[in-house]
Every structure is written in structure tokens, then in C-alpha cells.
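Shared between the two complexes below is subunit A, which has subunit B as its partner in the first and subunit C in the second.
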Partner chain A sequence: MAFQPSTGEPLGRSTRSAAVQLSGIHKTLGGTPVLAGVTMDIKAGEFVTLLGPSGSGKTSTLMAVAGFIIPDSGKITVGDRDVTNLPPGRDRDMGIVFQNYALFPHMTVAGNIAYPLRVRGMSKAHIKDRVDRALRLVRLEGLADRKPARLSGGQQQRVALARALVFEPSVLLMDEPMGALDVRLKQELKWEIRQLQREIGATVIYVTHDQNEAMLLSDRVALMQDGRIEQYASPEEIYRRPTSIFAARFLGDSNLIAGQFDESAGCMTVAASGKVIPAAWPSGSPCHGRCMALLRPEHARISAATELTTPHSPAQDLTTMGAVLEEAVFMGQSMRYRVHVPDLGCALDVQQVAGAGTTALSPGRQVNVSWDPRDLHLITTETAS
Partner chain B sequence: MSVASRTGQPAASGFMSQGRQFVGLAILLAFLSVFFLYPLVEILVLSVIDAEGSLSLQPLYKLLTNAGIQSILLQTAVTSVTVAFTCLVIAYPAAACLARLEGWKATLGNIIILFPFLTSSLVRTFVFIVLLGRNGMLNQFLVSIGVPGAPWKLLFNQTGVIIGMTYVLLPYMLLSLVGSMKRVDARLIDAARSLGAGRVTIFFTVYLPLTAPGVAAGLVITTILAFGYFVTPALMGGPAQVMIAQLVEQQVVIMFNLSQAAGLSIIMLVIVGVAYAVAARWLGIARLMRAG
Partner chain C sequence: MSERKDLGRAAQSAYLVVVLFLLIFPLLVLIPMSLGSSTTIAAIPQQWSLRWYDEVLGSPEWRSAFGWSMLTATAASIISTSMGYLGAAAMVRSKSRLQPLLQILILSPMMVPAVVVALATYLLSTSLGLDGGWVAISIGQSLLGLPVAALVIAASLRGIDETLLRAAVSLGARDRQVFLTVVLPMALHGILSAFGLSFLIAFDEVLIAIFLTTPSLQTLPVRIYQAVTYELTPAVAVVSVLLMAIVCAGMIIGGLYNWAMKRMVPATSQS
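Presenting the complex of A and B:
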């Protein structure tokens, strides 16, 4: 695809953003499979994050899209072009923000941003115009003549972003672009990247191991493990309805209770205690016997066990159980409790907003823990046949 | 000097107390004074004492205005610079390959570079005389495949001097280039590719500028070393290829004119010193030290 110099318009909403499709990508490096059948489709203009622990194949997937890894099998398309075996470069038409940025140390900020335009043989006047607009876009107007070594980490990251965007590629790839930055700067830049992407409308594939980054930035998250995608959905969907134990554990904090689901009665038997508690199987999913129940800490509540409540309170339709408070930690916006629940045969983490009216609960106390059964999300642990 | 050790950081302080550091420094300084500064001053004094035994700049002036010596100085300078650039042209691609080696291959590469250092330059020069002579291996080969003009005259002329000195000085150039090339971040090349640059463009816009300190350091080192070279031009050059160091030797051994030998030595020292100062100022001394 030829480069179309559009000089009049500001680097604005890109009409060139393209859909990306990966199907059955396999790659073995040095005898170890790093990608074991990665399949995903990314819509034009979508912000997709590859999230996972190190070694899960997220960077390898990105590098396969970028063309630095040629898959053993499978197909990658951008728009309607097959780019599987295309080397990285002009024909591939992708902007990449590398981990640690890979800025050219011997060039100024403006020189770095101008580089992709220069190698495309654009005229000096057009290059200057484009570079100026890119600098404005990432708010680095005054630093055009600085060398990268004299910039802060956050500024370097913005230069890398401007350099990857200035030639208006159809896809923008970002490999842990905030890995080297401190927490406060990250927080600020997250909002900026989000806003910038919405402004430009580019298709973005973003790699991170930070779940907060993934939640804040993404339209959809591809949660990866062992070279394969565990779940590919919106951050909310993965958080509320994880399809695997791994997904439940990786995104957010979780309490997991092993048990047996009884379809006809609409309840599950807790494996450790034999106790039966109300639970509903997520609609649309096939029913299986053995399962794990996920209860997020913020969905459970505890209260002082001053009056005995029935285990199942029909008035509020809550499941309530007696428990012993083991730990109570003040976390700022909330209190974090760890309670042992004999009826479940395990401990639960509970997170509760620490308002002024909160009764001080001290460890060792008898408490009641309760939750809405609809917040109990069941995950099958039986391998689907 | 090994490639691996040069990337190391200076040893942490605390290894020696301040007092001990001063003692160490004093020993080094004493060594330098006795074995370098003292003879140097002696030579300097010798070079500025005229025939009557009084202090004068006349002897140095006479040397510098001598047409024969001027032409030898010019010959020496031209040869040194030619050798340095020949080294660069040969060593650059070789160093680029060596810099990419890893593990045992890198070790083997370094051994191959350093191997010639284990032999004296006299022996290495004789080896080349065997190779390049009228009936040497190279000419025999050229004649056997019927190259026009063969056998070529490759010894006892400027060609012989350039070939011999290039061979001897090549490792210095290689080491300084490999050092700077190893520091080039491979991801910068990837970045340039992803931004749409072709191989040739990447070489000229990224790789060459980033290895420039090594190029500069290599050129300075080889030029300076070549400037004072003696064995190779003496054995592989003809009468027209006399270099300044040979002239010094003649003055000492044949003419017994220590004063003139000292004068020539001082002239050499000044030329090399000025050349180094200019190079350091242009290229930045820190960069030269780092890359060398």
C-alpha cells in the first residue's frame, strides 16, 4: 500500500485504520512452543490489549503481527491483505512503540519523528509540517531540538508514540510502553494514550502485564497463557464472567470455592463441607457438575454477629454464614478482611468501603459474612467433552 | 586488552583506602618519571644543544627546513593515513560480522583477531615477504590463473609498505570497531525497519552514525601507530619509502648523531601530539577513550 501524504489535515481521525485478523498462529522457538494456536479478530479502530504473565506469548503475538516473528503456521491479515510472511517495513504499514522506546540516540526529537517520513522521501516542507503537528499532538512542542538522552522517561515515551503515529500507519502496536515508568506517571499517561487513540481512531494492539492498564485502555482484552488466548472479551466481561480459573485469578482479586453444581435444584454443594448454597449457572453456558464458584471480595459483606441470622435470609435473598475474622487491614478507600468460614471449609477475602459509620471489627471476633447469590459466578472445572 | 573486559565498570571504590590509593598513584608516577619522563627530557635537551654545546633551537630549525627530511615526513604522513583508511575499509565489514557473534563463537572471533599479536611483527613481516615475493605464493597463483601483468611487484615499494603495515595494524582497528558495534542496540535496527527504512538507508542513517566513535578512535590509533613504524617499512619498502623512524635509526646506528636523532624524535612527538589533540578536540576525547 502506497503512502498517501495528507498534509492539509491535522493528524486527526484516521480513515486508514484497518482490521487485523490472526488465525491459528503457531510458533516454536528453540524447541519450545511460544505460540500455540492464537486466533483473534480485531476490528478497525479497536483498542485491544494482550494481557498475561511473562512467557504467556503476548509479546511474541505482537512481534508476529509486526513481522519480526514469522509464524510456523497460521495466517495474519490486515484489512484484506495477507501479511503473514511480509517483512517489517513500509509494506507492512505498522507503527511500533517498542519496550524502552528504541529512540535513535544520535538524532534529536524532531529527527526521530521525521525519520519515517524522511525514508519515504517526503519533501522537507511536508516533513516539517507533519513533525510539528505530531509534536503538538503529544504535547512536546518545545523539545524538538533535544536529544533523547536529555528527556524524561515519559517524554521519551511520547516521542516514540509520535514517531510511530506520524506516518499514519493503519495499525499501531505497543509493547509494554509504560513498563519503565513510575506509577504516578503511568497513571497520567494512561489517560493520555486513551484519549489520543480515541482522537486518532487507530487500530491499536497493546501488550502489558498490568491488569489496571488493560482495564483502563482496552475495548477488548485478550488474556493469554501458555501461548494461547484464554479469554477474549471486554474487560468487564472477563472480570464479571471469567471462563477459566486462570482468568478469574489474573484479573482482579478472587475467592474460589470448589463444589458440585446441581442443575435441577439451582444450588451447589461445597466440596469441603458438604453445605448446599444457592447458585445459578451462567445463562447460555453448558451445564457441568464439578465447578468453582467465584466470589469477588467486594461482593461479600461482613457484619458483627450480634444477632443470629438464618443461613439463608429470604427477606434480602442473601446467603449468610457465620465466620471468624482473622485479619483486618485498613487499605485507604476500603477495609480488607480475611474471614474463616467453617461452612465453606475455607477462608474468604472481603473488601468493604470504610465509611465513618463502620464498626471497628477486631480479629478473633465472630462475624457474619453474606453475599448476593447472583454475584456468585460458576466456572466449570470439568473438561468439556 | 580484551573486548569483554572493556565493557566492565570501574572497580568500586572502597576496595582501597584513600591513603593506599595515593601510595599506588605515587608508585605509578615514580615509574613513569624514571622510565619515560627522564629519558624524554634527556632527548629534549639533546635535541636543543648545538655543535658548540650551547642551548639553541638552531638544530631543530635546521632539521625542519631540510628538504630531504621534509619529504620523508610527508611520505610518513601519507603512508600512515593511507594505512589507517585501508585498515578501516577492510576491518569495518569484518568487525560488523564479529560484533554479531555470541558465546563461544565470539570467543573464537576474539582469538582470531588477537592471534597475530602473539607473534612479533618482525616474524609477521617476513611471512608477508614469503607471500608477496616475485616467486611468492600470491604471484604464483596469479600467474597460474593467467592474470595479465602477473607477477606483480608487491614488495620493496609503496604497495608493499601499505600491505605490510595494514596487516600489522588491522587488529587495533578491528578491536576499536567491534567495541563500538557491540554497543549498537539491535532494537534500533528493528525500529528503523519498522519505520520503513531499507537496508542501505539503515546503514547510513543509523548503523554508521552510531559506530562513528569507533571509526574515529580506530583511525586515530592506527595513524599514530603507523607514524612511528619501523620494521615493516624497513623490510618491505624500497629506498623511496623511508619513514621517519628509519631515519632516526640511521642517525643513531650509522651516523652516531644522537643530537639529530633526538631532534627527529622530538619532531615526531610534536606531530603526533598535535594530531591527537586536534582529533580529540574534534571528536571529543571522552568518545575516543570510550571507543578505544
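Presenting the complex of A and C:
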């Protein structure tokens, strides 16, 4: 599944990669703002994903970097060059993999890959050498003379990738390159793209609406909504410490409990029930009263109510509440429960590894639900509402 | 049940044969007419001969008329195709608000009666002091081919996904290279069709040619028209048969080309 290390001088590593910086990019198209102040910096050799629902401005951001959208205001630099108003194409020095690959139907695989070299007037021998290496890199050696129409979706995608890489651009842009592929193929290609990027060392900006893709591929994820970046951090950071309700909901599954944070007591009053539960404000973020507590389903545990009598070790310091089991679904690698918790005035989703020793719990049963207060992540809603 | 179906099908076929025969019969009659030996035309000549073929092929008037027609039609179709390409590109890619207006403008020679186009060309060329001549005829005839060429090329340009052009630009192609390496090869079929159609339109165009004709410059259709009015010998039948033969040959070549293209590029993309 992995890319074979290419023999001879590799396409990779020698590739120059450049840092990309966007600051305050605004763009209005047909009266509607599509980009409302996008600011981000991407380090040389970094893999950054623009993640968001459709219409959030991720493709527009990519097209602005590519030069197909000229921003109304703001600045884009690549390395130390200001490229904001540079026309798209050769001077931008970027490879782009388009959503539907945009392979030239009248050229063979080799012809497509050779294209960027041919328009640069490179000699035939040089082109052949580079195309051969690119074909090896994406493992399509045998298909050089095929027309794109006679390739599978995954093969077309690899041709598009090879074509975007063969001229060794300093930045690689990818616009939902796996949007048209089926799930199995996606899974396989994700690993390939990740390894290829590591191998080549190019700066990559990748657009997707698939959170799994973003998680697996990226060094950092820029979560976008309504033409701006909601949060820009590593996938782990966004997952563990989302700074907005949107971020909490978009990446992973979430339970959100509305409440009021009491700074002096270090606890939170649940809005629906008035119950006070221990919670800590994430360090480094401004402290506000009204908040949402995020509890990931896999951080909550449930047990049969009878097990309450066996005291937990105090060192663990878990928050435990009585609940009623509403649903239990077998998901393969885990069990998925939905429990109603009267003390919170809402239902929680709980995900738990389903080992052989797990007690079978049936709906309607009284259970206990518990979690480590450190897994409760608070998000301020003071400014949002 | 199936018998009735068969009967229906047979009736359909018979109908088709009759219609085709009625359409083609007048053309076929020309063949025996061209093979007579007397100076008068007869559907079934009393004596068969190739005399008039000799006569026509050896006649300087007919040969020069054919030559002029080839010249004006070639020039006209070059103008129609190149102008048609530009018009088509504007029709397909322009985002201007004047775009619908442009479309009407390009298609207008199709809607204006040909006599008007002919008269306009004539008056303009005399006022410019051109006094007919092949250049004026070509320009006038190119107007008639222009809308057809534009429509045919527009159809083939619409088939080119705009992301392909973006891809080419992003891969480093300059505008001229995008045109030569992506647009032209992908639209070639349409451009060739446009060229062929506007050539045919110009080749058998009579009105403009009559208006702009000079004693020394007669296109083939004008020559035929005059031959019919003044002499009416089997020569006109011979010319018609020769033209039909040329057209048939052209169609066969075109068909072979299409067939070869389809074999080279089997079934278009699945996506």
C-alpha cells in the first residue's frame, strides 16, 4: 500500500517547499461575502487541511492561493514573495489537484504528466526521465500509454497527483481530491497521500469536508465556517479543546451541556437542572460565566446501577450520576449507548469498548454514568449569544 | 400479434423507401441526362456517349468557373471559421451582459433574407470601388457560413470543461499554449465540421455571386445558372453529376475519418 521508494534520483526531498501566509483575505462574489477575513500561516513542508461544511469558504480560500480568485483585500505570500495579485499559473509555482482531476482527455497518462514540463519547453529526454520517475512515485508504471477515460477513479487521481508534482512546485494545492471515490479506495489513498507528502516534503494545502480525512492527513486543520477560520490548530487540539460550539460539533461526536461557570468554586451549574458539577476552565482562555461543557462520548462510562455499591477509588475522583439507559447499539469496535440523565436534564451519548466481559445492558435499565472532570471541556458562549 | 408488428414494420420501410426515392430521384435522373450525345437534354438519351464529359472537362469556361468557386468558397470558409471561432468563444465563455445581444448579432445572417445580404454586399463593394471580384464575393459568402460555423464550434467548445483550462494554466501553460494544446485539439472536430459546412454553403451560393459577378469572374453556380438560361445542353447535367460525385467522395472520407476516430478513442470517460 505504501509508495515504493523510487530508485534513482527521487522526485522528492529536493523539492523546494515554501511557507504560505494569508492575512485578512476578504472576497465578495455577487454581493455575498465568501471570504470574511481569512488569516493563517502555513509553515514550509506543513500539511494543512481546510475543513468545513460546503459554502464555508474552503475552496474559495484555496482558489485565492491558486490565483483564480483575486481577493478584494488582504495579502497572500509564498516564501517571501507577495503573490496576492499575481495571475494564476507558472509564476505562482503551485501544483493543483482539482476536484474531478481535470485530466486532459485527449492525452495519455504520460502526456498528462509531461504537460507541465512540455509547456516549460523542457527537452524530450529530460521529460521522459521525470515522467518515468513520477509514474513510479504513484505506481502507475504500466499505464503510461492509457487515455484517462480508461482508468479507474483512483488511478485518475494518482495521475492528477503526479501531474501536479512532476514540475516540483513549492506548494501543492488539493481540492477535495477524494470526493468522487468510494470509501474503501479513500481509506487506501489517504495513507498513500500522507506518505507521499512526507516523502516529498512539499507544503500542502488540502480542502475537504471529511473530518476523518482531515484528522489522518494534517499537521494542522483550519476549521472554516461562513468565510472565516473558526479554529486553526492540530487535529488533536481541535478535538480535545475546541474553542467554539461549531468546532466541538464538527470534529467528532459530542455531548454539550449548557451551564454557568463559577470561577471561585471551580465548578459549573447545569442550566437545565441547577445541579453543580466539578469543572475546570481551560487554561489560557478568557474566563466567562455562561458556557457549554463538552463531553466526548468515549470519555463517559456507564455501569449497571448495582455496581454503585463498589466504591470507586477516591483518587480517580469521577463525577457519577444516575441515569436511565434508552438505547444500546452494537457498533462493532464499541457499544454506543444513549442514556437520559435527570441531573443534567438531558441525554448523553456514551461510547464504550465492547469487550467479552462487558455486562449486557438492556434499555430501560437504571445505570450510572461517570466521567473524569478533566475530560469536561468548557466553551464560552458569552459572546456567541 | 408479431405478424401485425412485422406488417407495420414492412409498411414503415416501404414508406421510407418511397420518400427517399422521391427525394433522390430528381438527382439520379441527371445521370442518364449527362450521358447523351445530342445538344438537347433528354431523360433517356437516344444515343449514349461521354461526349459532354469531354466537352465540360476540356472547356476553359467550366474549368475557370470551378476554380473561382473553389477559391471563393475556400476563402469564405476560412473567414467564416475563424470569425465563427471567435464568436463561439465569446458566446460560450463571455460573462458580459451584452452576451445575448452578441449571440443575435452572430446569428443574424441566418435570419436576414439572403437577397438582402447579397444586395448589401453588392452596394458596399461598389461604394468601396471593389466592383465585384473574388474578395468581395468571399466576404459576402462568409457571412452566410458564419452563423453555422459559430453554432457548430460553440457546441464543441461547450464540451470542454472549464476546469481543464484552469488545470492547464495552473500547470504553467501560457494562454497561447492553453489554446494550442487543450482547446484546439479538443475542438478540432467542431472546427473541421464548421469549415466543411461553411465551405459547402459558400460553394453553392448563387445570389451574392450573381450580384458581384463580372464577365471574367463566374463561380460555378453562376455558370450553371447561365448555361441553363442561355444554352441548356447536357453540359449542366455533367457538371451536376461531377459535383455529386465530389460530395459523395467527401462524405465517404468524412465517414471513414469518424469511424477511425471512434476506434482510436473508444467510449468517452465514465465520470
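Quick note on the criterion: the second predicted complex is superposed on the first by the 363 of 385 C-alpha atoms of A that agree within 3 Å, B and C clash if a C-alpha of one lies under 4 Å from a C-alpha of the other, contacts with A are read in each partner's own complex, and residues count from 1 in each chain.
The rule is simple: a residue touches a chain if its C-beta (ideal position, glycine included) is under 8 Å from a C-beta of that chain, and two chains touch if they have at least 3 such contacts.
All values derive from a computational prediction rather than experimental measurement.
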Joint occupancy of subunit A by subunit B and subunit C, clash or fit: clash
Partner chain in contact with A:29 - subunit B first, subunit C second, else both or neither: neither
Which superposed partner A:265 touches (first subunit B, second subunit C, both, neither): neither
Which superposed partner A:104 touches (first subunit B, second subunit C, both, neither): both
Partner chain(s) touched by A:116 [first = subunit B, second = subunit C, both, neither]: both
Which superposed partner A:70 touches (first subunit B, second subunit C, both, neither): neither
Subunit B versus subunit C as contact partner of A:149, first or second or both or neither: second
Subunit B versus subunit C as contact partner of A:180, first or second or both or neither: second
Overlapping contact positions on subunit A, where the subunit C interface meets the subunit B interface: 66, 68, 88-90, 92, 94-96, 98, 100, 102-106, 115-116, 118-120, 163-164, 167
In the complex with subunit B, residue positions of subunit A that touch it: 66-68, 87-90, 92, 94-96, 98, 100, 102-106, 115-116, 118-120, 163-164, 167
In the complex, subunit B residues that touch subunit A: 185, 187-188, 190-198, 201, 205-206, 209-210
Residue ranges of subunit A touching subunit C (in the complex, touch as defined): 66, 68, 88-90, 92, 94-96, 98-100, 102-106, 115-116, 118-120, 147-150, 153, 156, 163-164, 167, 180
Touching residues on subunit C, where the partner in the complex is subunit A: 161, 163-164, 166-174, 177, 181-182, 185-186, 265-271
